[in-house]
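Presented sequentially are two complexes of chain A, the first with chain B as partner and the second with chain C.
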Partner chain A sequence: MKSIAVKNIKGRPARSVILVVISMLLTFAIFGGTMVISSLDSGLSALENRLGADIMVVPFEATTQKKFDDIVLQNAPGYFYMDNARVQQVLEREGIAQASEQFFLASASASCCSVAVQIIGYDPETDFTITPWIKKSYSDSLGELDVVVGNDLNAFVGDTISFYGVDCKVAAKLDKTGTGFDTAVFTTKDTIKRLIQSSVDLGMNIFGKVDPENTVSCIMINAAAGFTPEEVVNDINLHVKNVKAIQSKELISGVSDSLGGVSGIIRVLICAVWILGVVILLLAFTMSVNERRKEFAVLRVAGAARSRLAGIVLGEALMICIIGSILGVLLGFAVILPFNGVIEQALGLPFLLPGAGRCAGYALASLLLCTLSGTLAAAVSALRISRIDTGVILRGDN
Partner chain B sequence: MMLISVFLAVGVKVIFHACGAKDDGSFMHCHDAENTVMYIGIGMAVLSLAGIFIKNKAVSVILSCLSAAAAVAAALIPQTIIKMCMMDTMRCHSVMRPVVIVTCAVFAVCAVMNIILNIRSKD
Partner chain C sequence: MILSASGLTKSFYRKTANSNRFTAVDDVSIELKDGVLTVLMGRSGSGKTTLMNMLSGLLQPSSGSVELDGKDIYSLGDKELSRLRNRSFGMIPQGQTAVSSLDIFENIMLPFFLYKDSTPQDEEYARELMKRLDIAHLEAAKPAELSGGELRRMAIARAVVRKPMVIFADEPTGDLDDENTSVVFEFLKESAHQGAAVMVVTHENDAKSYADTLLEMKSGKIV
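Moving on, here comes the complex of A and B:
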């Protein structure tokens, strides 16, 4: 019976190839779509974790910059500063449990490339947003002129990177987050103050004569127990002039909405492709079995049981669907893994590929789902062929 | 194989090229990788062309082996042999490298299949 199914597949190569291709596209759509949706979800979670604070306080003039959202969310190179007097006023407000200052600076084009890199400075003594993340890759504390680089930067531990004529040593490389943080450089406040001073000395700082000892780019704040982030934000915005307090969830709501829209469209497309694929397979198997009704009638007359006839059809469908599904999963890997950077840039959203275990899980689930769908589509034809009236078919009365 | 190698040689300069020139007109490291892949692609095309006309089985197998080795070398040029730009988000990393690797992988598979078919053929 198995050999009859194999012979049927080999005997009609064109039909078999078409069915394998349909099955492959069905699996590719389901596997690829699931991988993209999962990567977008992981990217959003990574972005939420990286922001890591309830509230961000920035100088008011920064929020009027065109690319403000890109700077704080996507780490697009850019910077702004406020003086320590404003910082003190913010820190005196009620409802603040944790607060830590951060410093931004965009590098000039690196020697190798015409791109600027965003440098983020933090205070190791008070920081609660960046340190926990860095600790996963680097357990020691950063020394003077040590930097930690994001995963997408082509620099490795021990390398030296030069910013504004100051040579910095790469102490660690961070895990991938799928966000703009992957292209940033992190360092302590002492090092970034030196870099800011150097940029001022070289006349390359867009703010001219900014004093690094008396400036901060933003303050990350966690609300104290008994206060909601909204209350703290309103209090700061009401009582401290020339600053803007923003809730983190407000910052990422735009990204979250876009992501929800893209994920929704992909889910609809997956469903549409799946339904279309199953219908095409159903029609293809029905037509294929109808063409061979006489062959099956002869087999029945030769003594093949009804279950055997159904088995031949199901075996054929199973083999075609397994081959197609494996090819579909391989195609999915060949497209999603190497081209994830292009997909991320095209979508303009945080995009973090799932780990190897989850990828394998999705691949297996897609393979099983598509094989099952194809085989079930063939089961309808198998059931019909097992009930054929051999006499009528052989007389040609059908 | 001929078509794939021509696609690699032409495509790496026209379709999936590396990053553009800097503001001062100079090129980044990835430009060297792009040129090297193009030259290897031309070499692969010449080998494939020779394979079409040469009927001797042994020579054909040797040509296919050379083609496969050239494809592996071309795949390793971006980043592994010639370091590329600063960020993985730049065009040379996100577009040129993956397309070169996938194209070379397809070419290498074809070359290996050609070797197997040549060895198994009776004449």
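Moving on, here comes the complex of A and C:
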């Protein structure tokens, strides 16, 4: 014969299903919320890592573009250029340990281009921001007209994609970052200069006749020892005209603030749902036990000790909460894994799912927390039922 | 075997014009002997059920003692007293007392179910009881499917399935027709003749004819 707790769960299917659903929603909210917060944190981290430099120097006029932050942070299609003279003036300033030029070009939504994306060119000789990251997916050097594509692009190693009529070969596909880098294309400065020239030749470059050999989009800089990034930024902005030096941490401060706000709201919602869920479970278990007071009195008459009555109530709660929590975690995975792209778009923030180990850790922690919360909510009823006055209940219900 | 109580008193908090205490049972001494069916009669509110609950180990007296073969049952801890109630006492409470999630056979086997100590012989005896009480065909039915008389017979089978030394029956025929009333009293009489001490609390005059010992309670005292 199965245990009384199991019999009680099976004997009242409607009540049991409702309690399992409440427990499932509680776990889903906590697990799902934690996954979203963690993904946002990972996304910000990935963004910081991908910038990879203390300072970014761009043409001053670029900062007035509406989409400037999106271009430099999220790799939204867009570009701007400054001439080599400005670059030289920047590189002559003190306090610069590393510097590398980058080149931007947005491909067009036209027959000349396979896909409309942001193309980023870098100098393999001096680069210290993109190369370390690309090396995780592709260890060889990029050849002429070779490109590396972001994880979200529908192109694969060996494919040929065309930009402004120039066919490029996909040499590697990058790991997922949860940032705009996932939709960008990376190549060497030689290749991008050829693409820029082609865009000019086709009359599709928004700057008209730019000279690819004399243009740079931005300079990534690391401050030398003995200099703070702030000192270098101030020095460049003071002494080099028509450029804007920006600290990376300032660049991402807007994203960081938005992320903090969203995370804070989600944390508050998780707490609210947790409190609400525990209160609902508390009431549900209390009602469930109250309506069965006479049955518990009968168990007592038949020889059940007070601790046994409490054990039956806790056993029921434990089984219900474990089932509900497992379903809640599965629901969380079912919603977040396939729809993380939709969530990322809806939030408009960098969003990178944690690794399998951390996901499993969050799942286990949510499962334990919700099972414990539900069981503790039932403990109140268990305590009350263990103190019942059997005689009064048996007589009072008649 | 003798279950004896001496000086049993039970008072409850109840605010009245004169005091805040209500004495339901007042200094009662009683003995239940094996092989004897004791019928305790009295009007509603006279203290019969309260006395029976104290005798069966379910209600701690305000004063006085209850002894089973010389051992004060209220000196035992809850687990030991519960075990004693399971092994030595069988009780038929008032009203319908089935556990709704168990079927009828499981309800009858409940005293064994709680301690997981049934044997095939116990199950055989339970089925024999069901036959004698004419509920054998309801073995797999759920309590909600049974009539009041069938549920009462189930409660009787549950009370005696462990062959207890003392059987307590609280208004066992309160909501039954004449035929079922007769079945219940005959069965309790038979249990007493087989060696159990049986105490029936009732306010039905029919019970008098089955009593070996007839007692009456009035205002918390046996008169």
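Following the convention adopted for this analysis, the second predicted complex is superposed on the first by the 388 of 398 C-alpha atoms of A that agree within 3 Å, B and C clash if a C-alpha of one lies under 4 Å from a C-alpha of the other, contacts with A are read in each partner's own complex, and residues count from 1 in each chain.
Assume contacts are C-beta pairs under 8 Å (C-beta built on N, C-alpha and C of every residue); 3 or more make two chains touch, one makes a residue touch a chain.
Computed from a prediction, not measured in an experiment: that's the story for all the values here.
By the touch criterion defined above, A:306 reaches chain C but does not reach chain B. In the superposed model, A:117 lies in contact with chain B only, and not with chain C. Within the superposed three-chain model, A:141 lies out of touch with both chain B and chain C [touch as defined at top]. When the shared chain is aligned, no partner comes close enough to touch A:228: not chain B, not chain C.
Once chain A of one complex is fitted onto chain A of the other, the partner contacts of A:295 are limited to chain C, with no touch recorded for chain B. By the document's definition of touching, neither partner reaches A:253: not chain B, not chain C.
In the superposition on chain A, contact is made by A:152 with chain B only, not with chain C. Looking at the superposed arrangement, the partner reaching more residues of chain A, out of chain B and chain C, is C.
In the superposition on chain A, the residues of chain A contacted by chain B and by chain C do not overlap at all.
Those residues of chain A that touch chain B in the complex are listed here as 109-110, 112-115, 117, 151-155, 182-183, 334, 338-339, 341-342, 344-345. The residues of chain A lying in touch with chain C in their complex are 1, 4, 7-8, 10-12, 292, 294-295, 297-308, 389-391, 394-395, 397-398.
On the chain C side of its complex with chain A, the touching residues are 49-50, 53, 56, 58-59, 78-79, 82-83, 85-87, 91, 93-95, 97-102, 106, 109-111, 113-115, 158, 170. For chain B in complex with chain A, the residues that touch the partner chain are 19, 22-23, 28-29, 83-90, 93-95, 97-98, 101-102.
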